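Scrolling down, you'll hit the structures one after another.
Next, two complexes with chain A in common: one pairs it with chain B, the other with chain C.
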Partner chain A sequence: MSSRQSLQLANDNGEHKLLLQLQKSFKIVQQCVTVWCVVLTESRPHLVTLNNLTEQFTSCYSTSNIQLAAITSQLPDVKDKLQQKLQEGVDAKLDVMQEKLSVLHGLCEKISKQCKYSTDLYTKNHVKLNLVMVTTATATRPSIADMLEWLQDTEQLFLQRYWARTYILDQFRLEDKSTHLSDNAIWSYDDKDIQKQFQEKLSYLSFFLEEKL
Partner chain B sequence: MQKTTFTDGSEERFSPVKTNGSPVSFQRTSSLTGSHRKVKDTAADLHNLCQKWLKFNTEGTASINEIANVKLQAIFKEEESQRSEEEGTLIKAEMPEVLEDHCNKVLHIVDKMRKLVDKMEAMAEIFRGVADLVRHKAQCSSTDCNPILFQTWKVKDFEEATLEMLESYRREIKLKELLSKNICHVKDRDCMMFYTAAWLHQPYIDSSCILLLESMLTETGHR
Partner chain C sequence: MTVKTSNAVVMRGDAPPPTGSPQTCRMSLALMTELGANLVSLVQITDNFQQAICRLRVADSIFGNYIEYHPTVFRSWPESKEISDSKKTLLPVKCKECSSSGDDLNKENWRQPQTCDNNLTSTSQSCCNFELLNTTLADYVEVCVVTSIEHVKKMKNKLKTNSKYLEDICNNLLCNFGIKENFTVDFQVSLLAKLYNISHLIIKHCEGGECEQDTNAFMVGTQTVIRVTDIQSTERYTSGLSSTASPLGGLEEIARELIETVKIPVTLAGCLGKAAVRPVSGVLLRGPPGTGKTSLVRYVASQTGAHLVTINGPEVFGSRPGQTEEVLQKIFERAVLFSEEGLCILFIDEIDSLCPKTRPGEAMSDQNASGLLFNFLDSLHETLSLVVIGATNRPASLDSALRRPGRLDKEIMMNVPSYQQRVSILEVLIDKLSVGSDIDINKLARMTNGYVGADLTSLCHEAVYSAMSEVSSGSDMEERGPIQMKHFLSAAKSITPSTQKGSEGLIDAPPVLWENIGGLEATKLQIRQAIEWPIQHPEAFSRIGLPCPKGVLLYGPPGCCKTTLVRAAATSSGATFLSLSGAQLYSPYVGDSERKVTEIFQRARAGAPSILFLDEIDSIIGKRSDSSSQRSVQERVLSTLLNELDGIGIRMDDQVVGGAKVLEGDVCPDESGQCSRKRNSVRETLDRRNVVVVAATNRRDLLDEALVRPGRMDRILYVPPPDTQARRQILNIYTRHMPVQDVDLDGIAMATENYTGADLENLCREAALKALTVDLRADVVKMEHFESALKIVKPSLTGNMIQKSQPTKPWSFCPKEH
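Presenting the complex of A and B:
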């Protein structure tokens, strides 16, 4: 009996549907991971500019009028004016970062949705699916349980990174050096580790993703 | 859609956004004469001056950054020599000769920028002259003493906009002169950062300045 025939027989217990959904989910997640890394690469130059501007603001903020006496004696408002300009520059860059974050949020939602669809389908059919069927891997694919777990792990990982970045950006205060992104590890990540982890899983899934179910 | 019927029987579709504007706004550029010609050309010159200013500012930024790097290295060496003195050895911290070259370059750039501000003052004078002429003509021939030149702006608006821009550039050139004269005497990193940021970001040339110039160009039909 071919694997296609056996899957068709398995239609009654929902295994076929679940495998189809998992295949679709992993394909979408694969696209999301690629876009995720592209977005982070695009946001890097903006992050560098933001860090430069915050560093300039900090220096400007911490310099006293006595240190700048040669200038402030003739142009007393120069420090305020410069701070205002730097603030405008920082605000513009923060807006860009927020835009990038909203793209990341969209990707997270996409992944979560796929994860939910697959889990819901499994929950709906779990009575009909027996334990052996769910936990046994075949020559061409990992077990359903493994795939569901990978999907949920990936979702959690992406959500974790997204919320960490959002929290850090929300905490950003120009006057408070400890909240600046230059000292922050999360924003310095390019999330290549996520991509690598996912690629490792994909190597087990390559036949499954190409298979015509 | 509402239709208007004219006495000759022709119909025209009604458009609430249609506006005739000033007749002058429809004149072709080549046929402009008198005050319009003068104002339009001066607006274009003003734009060119601002472009040159930007170019000089970029050139100056490169030199200022070089100075900052040299100075920071010197400050670092000085701190090191102080430490060595305390330990008993003597390392003499000297300013590299290249610093003088960079300083001369910056002074030269500031000089060129000062000339641009002088030219800008001459342009403000031109607008003032046109405005005076229009007022004088109005007194003689009892016409509108402040007519719209192109689309919405009067001569007085051009004069005021240029004066506002000029004031910003005057203060900016003052700042640049002070920066160029004092940058070599800076003694700490934060101060140096302030100097480079002040040169790069041009605190006195704010967004309103750019808006005024762009409005002037739009008004005169350059944009």
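Presenting the complex of A and C:
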């Protein structure tokens, strides 16, 4: 049986459609992951600035007026002004971070949508799709079951990272040192681990993504 | 679909997986096809421990029938709580579906499970049931948030001020989870949940879709509305999951009392009105080790739903000064936090190490901890939901300031269990084992006099081990039989009750039967009346209104088997047998001997009914003399003994038996048939807990009058030298295992006037030796050997001695007046 014929057969029970959708989904997810990394890299200098500003604020906050006596004699409200300035700087940076977060949110939604489309398509056709067929991998592509699973796992992973970042940013209070981002592991590294995980899966998918279905 | 463990490789994780998707069940293709599942189905897995909801995925395993799942979304079986881990290997657990074919299953369960993955353990359950669930998207979900105790207050505030925030984070956590009502989602390994400080979410209520079936599960999406109804602490939740509410035998009365103490102030808080002060905020449990103080508190905590905060006396001590107080303060603060959430019991085990009695001149370092504890206890009056329970086995060494009302108001005595309590303890213990039909619990309980709960547990373990060692020596594991009575009997031999361990007077006397003592029928009867009857038939004594004798004095010439008679009485009565001799008693330290006497009486009371035997009492304690001005050790020991026998009472803290509260639970139901008996039952129990002091001497005249007065040594029995008839019987007994030929035992009995039992034994031995001297190959002992032996063995008694030791006047039995 030629590959054309087998595809014809696949077309009948929805496998072809599903494969097409999966290919499309993975392509989009691949893009999303790339953008995700870019966004995180972009936010890195902002994060450094933010940490810097918060550190300055903390130091300023904890300095007593007596220590500043030499300066305050000439400039009585220097501390308040400095704090005000730093606060403004922090707020501006936080806004930038929020923007970055909203980009990440958009990416998450894209991934979720793709995951949903693929799953829905499978659910719609699952009666026609033989369980053996969907769990069999070919020389060029992994099994449909594996691909669906990867898609779902990726979605969950990215959502979790996004929520964690949102939560930490929400908790941020200038006065409370424990909420500062410099101590936080999730904001400090750039999701290298999940990128790597996805890349590993992509290496299985490279033929499938280039295949013309 | 039901899968038997024996037919498949079933791996069940104890916790959610650290990586990957949490709610997953991986199943091999064949099983999935059999189940009719697809790649998006949710399945409900029911095993013997819990129900779990999992998302089905295909496993890439080399086994054709492979199942691996993690109970992330689970519901515990309430009835499976009692199955403890240690028992899993002993008892094949039957599943509901398979109980019909139980026998085959038992055998299969013994097969070793196959390969194990790294963090997975093979389950020992016999089968799991798989059920496909219809899934609908949930519209509305009510959850209870479980968080660590430090965050409960904060979360509660959040719930009041900003519930939307809490609902959002719950939605994030639950997104894409398949859930059902009353199931719990475990987030202990989730990174996000750790950030949120949430450990579990309990699903209280679900709504959504149209179909309302039992097998219906809900998927949580981003649109699902979540409402947080309650906040609970993780500690309380997990302790509720793991607590084993196994009943305790023989402690029902005390357990009920404690439960009431803990619960009533909270349940009746409204009724008490303004006077809502906790009537009892502290309880002291005291009693010998192993009586179940700690397990009782655990049981009470699980019954009342109270959270248990435990302080182990020695654990809190730090090396740095002030560290102990710091640790204690932290624990107290925790306890107060828990009490704000609900009922809480602060249990201080071995409280005597935390609050030792302070003597003047001692270092003050330990008193800081005591002071802290007192302060804490004093501050508890306003807190209704916190009870402090202390446990100790040395109440005498506790700081008395701790035991005043307002601190530890109530004291509960935990006894060495009585016969009836032992029966119920054994029933509970044996109920967990697979035993044969020949187990006689009553007999076991009768045998285990003086055993505490821990000893009985140890007895059961020993029995299990002896049964298991039989299996391992046998060829096939599958031929495992149930545990039989013989295993228990062999186990009983190797266990010494813990109350008697390290005891001065504990001896290993060879058993002697009444039949092994020749003659002395009248004396035997008197001894049985005095020692055996009160222990074996206490109800008869109380019916007649006869108090049990406290002491029996045996006197008579030496070698007339006074000691043997006591041994026979101990054997036949089955009582704890303690013996004290002068050599054990006297020590070079002043006051040590008196302490030993007190101690041995204490042990005798703990192991009651018991016989305390004082051999050669005239050498232990003599007579008080007027002449010497300085009191000797003997006199001090005598006065201690007199006090112990019939003094004003027993020192409160040394008391091991007593307290009317305990005795109420002691009433034997097997005698409750008749009302008159019932009325007397409390007194019977008192009598049953009797300690009989048996003393033997051959110098009656050397004894102090105060010792032999009625009320102390109630019965004074003369053990006469054997008469002709008795000598004949003694000879009979000694020649029982001797091949004698043409020996005229009657003649020998006639000729051995003034011979004691010991002499007669010597005579028989000499005769046998004579026979061997004549010819080493001799196989019979003849009359001539006896005759020549008679020439060597002379009587050890003389007419004068007998005259001296005979009673001067006939004794009379006068019961002590009550």
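We adopt the following convention: the second predicted complex is superposed on the first by the 212 of 213 C-alpha atoms of A that agree within 3 Å, B and C clash if a C-alpha of one lies under 4 Å from a C-alpha of the other, contacts with A are read in each partner's own complex, and residues count from 1 in each chain.
Criterion: a contact is a pair of C-beta atoms (placed from the backbone, for glycine too) under 8 Å apart; a residue touches a chain by one contact, two chains touch by 3 or more.
Here the structure is a predicted model, which is why all the values come from computation and not from measurement.
Participant: In the superposition on chain A, see if there is space for chain B and chain C together, and answer fit or clash.
Facilitator: Overlaying the two structures gives chain B and chain C room side by side.
Participant: Of the two partner chains, chain B (first) and chain C (second), which one does A:S62 touch, if any: first, second, both, or neither?
Facilitator: First partner only, chain B.
Participant: Which of the two partners, first being chain B and second being chain C, lies in contact with A:V132: first, second, both, or neither?
Facilitator: second
Participant: Now for A:W187: first (chain B), second (chain C), both, or neither, which partner does it touch?
Facilitator: Neither partner.
Participant: After superposing on chain A, what angle in degrees do the C-alpha centres of chain B and chain C form at the C-alpha centre of chain A, to the nearest 10?
Facilitator: Roughly 120 degrees separate the directions to chain B and chain C.
Participant: Report for A:Q74: first if it touches chain B alone, second if chain C alone, otherwise both or neither.
Facilitator: Touch status of A:Q74: first partner only.
Participant: After superposition on the shared chain, which partner residues are touched by A:G89: those of chain B (first), chain C (second), both, or neither?
Facilitator: So A:G89 only meets chain B here.
Participant: Kindly classify A:Q152 by the partners it touches after superposition: chain B alone (first), chain C alone (second), both, or neither?
Facilitator: Only chain C is touched by A:Q152; chain B is not.
Participant: In the overlay, answer first, second, both or neither for which of chain B and chain C A:F198 touches.
Facilitator: In the superposition, A:F198 touches no partner, neither chain B nor chain C.
Participant: Using the superposition on chain A described above, determine whether A:Y122 touches chain B (first), chain C (second), both, or neither.
Facilitator: Second partner only, chain C.
Participant: Smallest separation in Å between any Cα of chain B and any Cα of chain C in the superposed model?
Facilitator: In this superposition, no C-alpha atom of chain B lies closer than 22 Å to one of chain C.
Participant: Where on chain A does chain B make contact in their complex?
Facilitator: Going by the criterion above, the answer is residues 55-56, 59-60, 62-63, 67-68, 70-71, 74-75, 78-79, 81-82, 84-86, 88-89.
Participant: Within the complex, which stretch of chain B touches chain A?
Facilitator: The touching residues are 171, 174-175, 178-179, 181-182, 185, 188-191, 193-194, 196-198, 201-204, 206-207.
Participant: If we count contacts the way the header does, which residues on chain C are in touch with chain A in the complex?
Facilitator: 20-21, 29, 32-33, 38-40, 57-58, 169, 172, 175-176, 190-192, 195-196
Participant: Using the touch definition up top, name the residues of chain A that touch chain C in the complex.
Facilitator: 119, 122-123, 126, 129, 131-132, 134-135, 143-145, 148-149, 152-153, 155-156, 159-160, 163-164, 167-168, 186
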